[in-house]
Amino acid sequence: MTANLTVNLTMAVVLAALYSAGFYLLMQRSLMRILIGTVIVGHGANLLLQLAGGPPGRAPILGDAAPEQMTDPLPQAMALTAIVITFALTTFLLALAYRSWVLLGHDEVRDDVEDRRIRRLERRLAESEDDKANEDELEREATQ
Amino acid sequence: MSAFVLVHLLVALALPIVARRNTGMAFAIAALPPAAALTWVLARSGAVLSGDAIVEEVPWSPLLGLEFTFRLDALAVLMTLLVSGIGVLVLVYSIGYFHAGSGDARRSAPLLLTFAGTMFGLILADDLLTVYVFWELTTVCSFLLVGQAGISRESRRSALQALMITTMGGLVMLLGFVVLGEAAGTYRISEIVAEPPGGTPLAVAASLILVGALTKSAQVPFHNWLPTAMVAPTPISAYLHAASMVKAGVFLVARLGPVFVGVPEWWLPTVVFGLITMVFGGWRALHETDLKKLLAYGTVSQLGFLMVLVGQGTYAAALAGAAMLLAHGMFKATLFLVVGIVDHQTGTRDVRELSGLGRRMPALATIAALAVASMAGLPPMLGFLGKEAAFGAFLEEGGGTGLLIDFVLLLGSVFTVAYSARMLWGAFARKPGVAPTGGKQPGAVLLVPAAIPAFAGVVLGIGYPLTDELAGSYAAVYGAGVDPLHLELWHGFELPLLFSVVAVAAGLWVHAMRVPLTALRRRLPKPLDAQRGYERIMALLERTAVGVTGRTQVGSLPTYLAIILLTVVAVPGSVLVYHAHVPADMALHHNLLQIPLAILVIIAAIAVVRAKRRLTAVLLVGVIGYGIGGLFIVDGGPDVALAQFLVETLTMVAFVFVLRRLPARFTKGDAARSLRWPKLALSVAGGVVIALGAVLFSAARQQPPAVSADFIAQSEEGAGATNIVNAILVDFRAFDTVGEISVLAVAATGVASLVLASRFDRRRRSSRGAQATAPAERPGVVLSGNGNGRRQEEEQS
Amino acid sequence: MTDPRITAPRNGERPGVPWTGWDAPRERWLLSGFPRDGRERAVLLELAARIVFPTVLVLSIYLLFAGHDRAGGGFSGGLVAGQAFALRYLAGGRMDDSAIISLRPPVLIGLGLTIATLTGFLPLVFGQELLESAIFKISVPLLGQIKFVSSILLDIGVYLLIIGVVLDLLRTLGSGVEADAAAAERGQA
Amino acid sequence: MTTPARRALRRLPLVLWLTAVWILLWGTLDLGTLVFGLLVALLVTLVFPLPPVTTHMVVRPLSLLRLVCYLAVDLVVSTVRVSWQAVRYGPRTRAGIVRVTLLTDSDHLTAMVANAVSLAPGKFVMQIDRAHRICYVYALGMRAGGEELVRREVLALERRIVRAVGSAAELELVGRIEDSAGTAGKEDA
Amino acid sequence: MDVVFVVTFALLCLAALLALIRMIMGSSTLDRIVALDVIVTLIVAGTCVSMGWLRDGSNIALLTTFALLAFIGSTSAARLVEKKEPYR
Amino acid sequence: MTVLVALPVLLPLAAAGMSLALGRFADFQRIIGLVVLAAIIADAGFLLYLTDRTGPVVLQIGGWAAPAGITLIADRLSALLLVVSAVVTFAVLIYSIGQRLTDYGRERASTTFHPMYLVLCAGVSLAYLAGDLFNLFVAFEIMLSSSYVLITRRTTASRVRAGMTYVIVSLTSSLLFITMIALVYAATATVNLADLGGKVAMLPEGLQVALGLMMVIVFGVKAAMVPLHFWLPDSYPTAPAPVTAVFAGLLTKVGIYALIRTQTLVFSHDRSWTLMLVIALVTMLVGALGALAQNDLNRMLSFLLVSHIGYMLFGLGVYDVIGLTGVILYVVHHITVQATLFLVSGLITRHTGTVALSRMGGLAKAAPMIAVLFALPALSLAGVPPFSGFVAKLALLQAGIGAGTWSAYAVTAGTILTSLLTLYAMARVWTRAFWGQVRAPEADPDPDDELVVGTGNSTRPMVAATGVLVTASVVIALVAGPLAGVSERAADDLMQGTTYREAVLGGAR
Amino acid sequence: MSVLDVISACCLVLGALSCLLGAVGLLTFPDVTARLQAATKPQTLGLILVLIGTALQLDFHYSLALALVALFQMLTAPVLAQLVGRAAYRADSIRRENLVVDEMGERIEREHDRP
């Protein structure tokens, strides 16, 4: 376990690339893209976890290497756990995408219906500056 | 005392059972606890009035200063007469008033009793927080009693308005209580009175507490909830909105007055708002045709009067205030009950429809006349005592201010006399051109409760020494001084008497001039329409709510994620960038192999973003995964690499399973073109922030990982493993592993529940298809706010 | 969409078999015989699966036990075994009769979870701390010293659970989606 | 015919193979590993039994070795050839799909032929028609009229395979056809 | 000997890069599957070379597993794409 | 004795395993669920007693002393929250069982609901007990993954969308969580919370601040703090009542708990943490205004949930003993009351067939029991005395006034305003749904899904379960004295930090 | 460098070269099937060479296990090739103009055309 712990430039760029790509995909509407985005960010996170242990070294297996040469085992164990958890959630999200496709015929995340209603209402209220309209608008919106 | 409060509440809790069978019986039972309370208080009043207050403490949460502290003193005795005394009467009256078995009756009996209990608690409270507890409970009772079944929109709105205004005041008052309590170090009123804190907190507390008092006691500009609350059944109006609850504000000012003696933030608003309210209420009452509304505005006016008196903070004003408090409770309760009888027997309470009722119901008219006399301040009624004393109190103070106040009070009194006359005239006089009103004679159960306070007004007026003792022992909190004012029927020919005479005379004149005055009022501008103000504020509230929510809660997941990311970039990200000094010894790589693998991963990552086909993207993700697996190997993590490879493959298989059914290409027009670059910029910023974080945090480590050294040292002996990662997984940190497999189990179960759902759908559909020739396709339906089973067109098309 | 040649008219050589079905082997190479969800058989794949499947299972058991001293462990072992089943599925086997012991995947998952959690309590019986491990070294004649670390029980629980999870994924994302697709083709979707 | 003993015997090669894999994985050959390996192999074969097949393989080590050598040489030669193609012709490279009717008729021999053909660059079996013992072989870099050559190469490979692992009957069959074909056998001797 | 390993790695990396280009270019899914198979095989080869370099063969099982995975991943993709791609 | 700390985690997990394995036996599933949750109530109660009497109960799992091994620690705060959560989960399970018995009959088992519910309970418990950042992450994942399943179970077209929002946002926050753990480890080489306290303090100040903010974001998403809250009102309302009840009651509070734990144990703040106060104020107001814009009962409740998260942030922002006392009291109160309100909402929709307030009416007459069950928690939520909400709010007000800064005053005023708006929202529910003409129930718009509505009935177990929670909230108010005492001691522990640290690390090396 | 080292070095470099050539083919060949040829086969050879090269660097008992890897590769690569080729033929990813002869297509045509 060496002293120089700074994540090197190459790895920093990889991290930046993975997180950027993942974040970008996360902000899309296609659930499959979002899902891929989470997978990529997950990869980035797992890599980061591994890197948090320090620079490369020998596998932390007694007998194969001296303890000083070994990489830090704890982040590896945590990365392993994280990998499995990410995998579990990925499959779930995949099933969700599938279910969404079966039910809706697409796998997109559309805007929330109820929020859209309130946005409509907001626009209508902004147009009519009359106070009295308020309650009536609300009731009309609600009962339509 | 707590026992009495509790009995009220417990009986009220049990009352619905009785009320379901016999509402009359329910009201009769409901009258018992207040009667008992009244009896108990009166039995002890002798000692109490001579200065021996009875104190009881029930601890609740001492840490927060929360306790129920009750203290029976002169003010409390006085208020008990109103709260419990009138309470008993109203409950008895209700037996006759409500239709037996009606929904209103079933609701009202327990609620009225609850109200009586909380009000009783309120007047006994010697603790700010205790006051607040009961204060808010009375508000809730009022809401439920005003709204009843909430059938009409008017009743719902009125109840809501009363609730909102008084709660608003109550909450501000609570804040004031906390300020006061924290400044004083105690919430016990008697202790604060004994040793009031000073300085800014006191002034702030005064202003805040007054908001509560002014709203609860319907002072201008918060007054309007009171007239609108008149949609409630009349016994409720009589009890809550005349005799007791609306007095709570006045009571509070009276109670806390000694704390704030000489604090301008305290007395100035009470006087100013009180005077305005008195005049304004009286003026409005002059023009009402609905007797109840008339009384309501009269109440507003009188509450203003009371506020002026109790807010003044002198012995004399307090004395007058106490007398008026009592007087108002008596006559206003009577008048409401009378109007209730009129309404109940004739079916109307409109002055334009009522005619000749005095002749038909002389007993009722007599009772009303007694009460009106008290209200108008005619001797020898209790009202006269109070009013004389009031005029005297401010004169005694001397100076321009006292005189000014007296003149405004006089104006108010003129209006009071005028609407008193209007009330009597409106209800009982024979009016030309109006058919005599019919209707059955009221029974004793209605008449007697109305009569008792009316006669009490006479008795307390004639028996003025008794009244003086009662009021005086309250006023003594301000110190009686050398030659204290006394309540007397005859002070001699002095200015107060003149004022009284002028008030009566002018008032009668004003009543005579009612027709031109009403015309005048129509022509006057309406600068102060509190009702419209309230409506505007509520509309503004709704508008703001919809506006803010409509603009922020956009319902778009990408936006939400963008906001989260933006927060990450903006908040910790900016701090990182600000503190960034990239370490000088930062290497390009630690192992040559990192570079090609990095290139592989980066290219694949860029390609994924640009991929148009789902499978392509998945395969590229696979490349990323394998590439990272390679990096793990290079890093010296064979276990992680192995898991990574395995998981990556399995993920890919799972993806491919699902992609069989999805279209090959991603949906076109996935993102609005204009948002593409901002999104890209944001994501790159996010990525850079995290990479920067990785560099900075890893560079900041100062100590070697002691924990891991432990693991390495103990692995063989302690965990029986040479593979330390595995030792961590199954031994050192086995609990993580247990958790992790739970997640796996959960995910698998979830996948099954989602994917196999379509199988169940099919099965259900086929079984349903076998039953009927219903359409096989079920549209997706929303169960949400507007979800009236309407199809979600957007979702389907 | 459908190529007429797939349901080509009889041709004397092999009536009724579309060309995509020519690959079918003659014998049953895997226990479950042939795919029931309409996928074509492939003789090459089935034979490969027949050899690879048990081999990979051995590999997975190796990883399970070797995990204490080398790369591996219950996770990796379970996942590798899972891949073996995935291969079987791909080769056309049905998942539910691939073993003589027929356990539904959720049962296997539940079993694994129960084992993994309950074994943690075992040390309490011996007066140790929760999830504390014990190492037993037994000398067996001829075989030498055998080391048994009690935490292997957790690993076994993990191993079983993960196999269950993969089997469940094959049941749902595999067969389940396949069945949906078939239903969609029949016009039931 | 299928007494338990014979069934067990039939499983023996698999058990041995799995045991060998176990030992290879551990990299140590001692009694403990062997015993555990046997146990694991038995476990796997018992829990996940494979269906019995009627055809048998007879391994002839010497022929097998020759086959392996042949394949190795073929692999190298073909690699060079295809690489040349890739560099020389690139996108203009031509190919053909040739129908080869095999002499033998068993699943595993067909599979092995297909595998062997596919191992080296240049050719692979694209489609098998098991019912008619046909392999459709895709050959890269083929010139017009090169079908016969491809067929000959494939059949020669088949003969080598039969010699290495074919049953007596198949060996006899191959030999017979070889005789009748006359020159065919000499070409690849 | 180090030179040999570096050269070997360089060649393998170059190959992986080419395969990645094929994966990105396509043009069909099958091309990409093939490319993925190549990449995984190259990673297996690379792992193998690194074992030689470090003269540490303890993780040979890893290699076996990887070799297997390359097969299963690509096979699943190929097998399941079969039905998805249009018949000619 | 220390094993008691692990029981709230391991028992439900084992029960979930069995429930999954024996998925065909419906009665077994029900019984084991109830028995385990009841056992947890008892266990948690005992833990609370122990911790309050003798200090934190610490379990070093596997006998590996912290910071190497994983530590489970029950201190006053976690034990208290454990008790409340256990009661809520127990009551909700009764509700849910009652509902399923009515709608599907006794025979029908669910392979999904019971195991997932138990896992959820385990996750929540572990989140309270974890003394280790990574273990906390695992706890979050246990809790979240099972919540994903519960919220998407038997989805319909409308619910699958809401589920997506929830799952994806939660997943994103989880990914940020791992990222943060990696950064923490990179800098300190430890993930033990007690150990981190000292190690983080040695970092450069900029990194400390950045790390602290990162944690605020990670837990803030879970806690639905503005502006990270948007997902909540879009997703919670669509789930079946018991699910929403548990989510609303517990999951956000777990975020708050994690926030409190980390910000007190790992980081240090000045008294009156202005940023948090600002967030608190905005959260309160945005939530309350959002509630007023809604016509959908569940969405309104969800916005109120967001709004009242602001209260808890307020107490944390004041950052002194009384402030944290207020937060703890508020969390305890809010878990109970918010869960109750969603259960009541479930009862309401069963009666009306709709969640649209405008299409309800006359419930006070049609179903007086529901009216009572709604009124009490509604008043409590609005902070009307003498209910539990008032006690908690009072502590916060005292903290705000005592803090003596303008930002604290502003938030105190905001608290008052929010109370008013909450009451308004609740009163509007009352006037629209409970008052007015009685309406016939609407037909279930989607008979196939988990949400059975418009049946016009509610069975005894459902009402009883709701009643249990209402009673619980009344009891909270009744025992406000001792409760505030425990909360104050817990808050004191939090501010000191030494008790926790010594309990965890005392035996180490 | 010992003799073994030299052999090992040759194997390693040649193996890597083979892999590279395969990758070149993957990039340059016209259609899936051709690329498949180019990709999988030299890959197999390359891997086997690399395995040999590595085996020479390690203890003997590792070589056996490496042989297992080689065996796996030889067993599985053709299977994948066949699957992909078959799928390519179906998906019409083969460039027909590059085929000098297609006896399979002929048969399919024939069976289809026959009434």
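Labels A, B, C, D, E, F and G are assigned to the chains in the order they are written; within every chain, residues are numbered from 1.
What we mean here is this: contacts are C-beta pairs under 8 Å (C-beta built on N, C-alpha and C of every residue); 3 or more make two chains touch, one makes a residue touch a chain.
Please read all numbers here as calculations on a predicted model, not as lab measurements.
> Quick one: which chains contact subunit D and subunit E both?
C, G
> What's the fewest number of moves from subunit B to subunit C, given that each move must go to a chain touching the current one?
1
> On a CA-centroid basis, which chain has its centre farthest from subunit B's?
Of all the other chains, the one whose centre lies farthest from subunit B is D.
> Of the chains shown, whose Cα mean is nearest the mean of all protein Cα atoms?
Measuring from the global C-alpha mean, the nearest chain centre belongs to F.
> Comparing the two chain pairs, does E-G have more C-beta contacts than B-E, or is it the other way round?
E-G
> What whole-number Å value describes the gap between the mean CA coordinates of subunit A and subunit E?
28
> Subunit E to subunit F: how many Å between their CA centres?
Between these chains, centre-to-centre, one finds 47 Å.
> Take the average of all CA coordinates in subunit D, do the same for subunit F, and state the distance between these two points in whole angstrom.
Inter-chain centre distance comes to 64 Å.
> Roughly how far is subunit A from subunit B, centre to centre by C-alpha average, rounded to an integer in Å?
41
> Using the touch rule from the top of the page, what residues of subunit A touch 2 or more other chains?
5, 7, 22, 26, 34, 44, 46, 48, 51-53, 58-59, 61, 63, 72, 74, 78, 80-81, 84-85, 88-89, 91-92, 94-96, 98-99, 102-104, 109-110, 112-115, 118, 121, 138, 141-142
> In subunit E, what residues contact two or more other chains?
9-10, 16, 33, 35, 57-62, 64-65, 68-69, 71-72, 75-76, 79-83, 86-88, in rising order.
> Pull out every residue in subunit C that's touching 2 or more other chains.
Within subunit C, the residues that touch at least two other chains are 13, 19, 23, 44-45, 48, 52, 59, 62-63, 66, 69-72, 75-76, 80, 83, 86, 106, 109-110, 112-113, 116-117, 120, 131, 133, 165, 169, 172-173, 177, 180-181.
> Taking all chains into account, which pairs touch?
A-B, A-C, A-E, A-F, B-C, B-E, B-F, C-D, C-E, C-F, C-G, D-E, D-G, E-G
> What residues of subunit A sit close enough to touch subunit E in their complex?
58-59, 61, 64
> Quick check on the complex: what are the subunit B residues that touch subunit C?
Listed in rising order, the residues of subunit B that touch subunit C are 638-639, 641-643, 646-647, 649-650, 653-654, 657-658, 660-661, 718-723, 725-727, 729-731, 734-735, 737-738, 741-742, 744-745, 747-749, 751-752, 755-756, 758-759, 762, 765-766.
> Per the contact definition, I'd like the list of subunit D residues that touch subunit G in the complex.
The touching residues are 21, 24-25, 27-29, 75-76, 78-79, 82-83, 85-87, 90-99, 114-128, 136, 138, 140, 142-144, 146-147.
> Can you list the residues on subunit E that touch subunit D in the complex?
Touching subunit D from subunit E are residues 57, 60-61, 64.
> Spell out the part of subunit A that touches subunit F in their complex, as residue ranges.
By the definition above, subunit A touches subunit F via 5, 7, 22, 26, 31, 34, 38, 41-42, 44-46, 48-49, 51-53, 72, 74-75, 78, 81-82, 85, 88-89, 92-93, 96, 99-100, 103-104, 109-110, 112-115, 118, 121, 138-139, 141-143.
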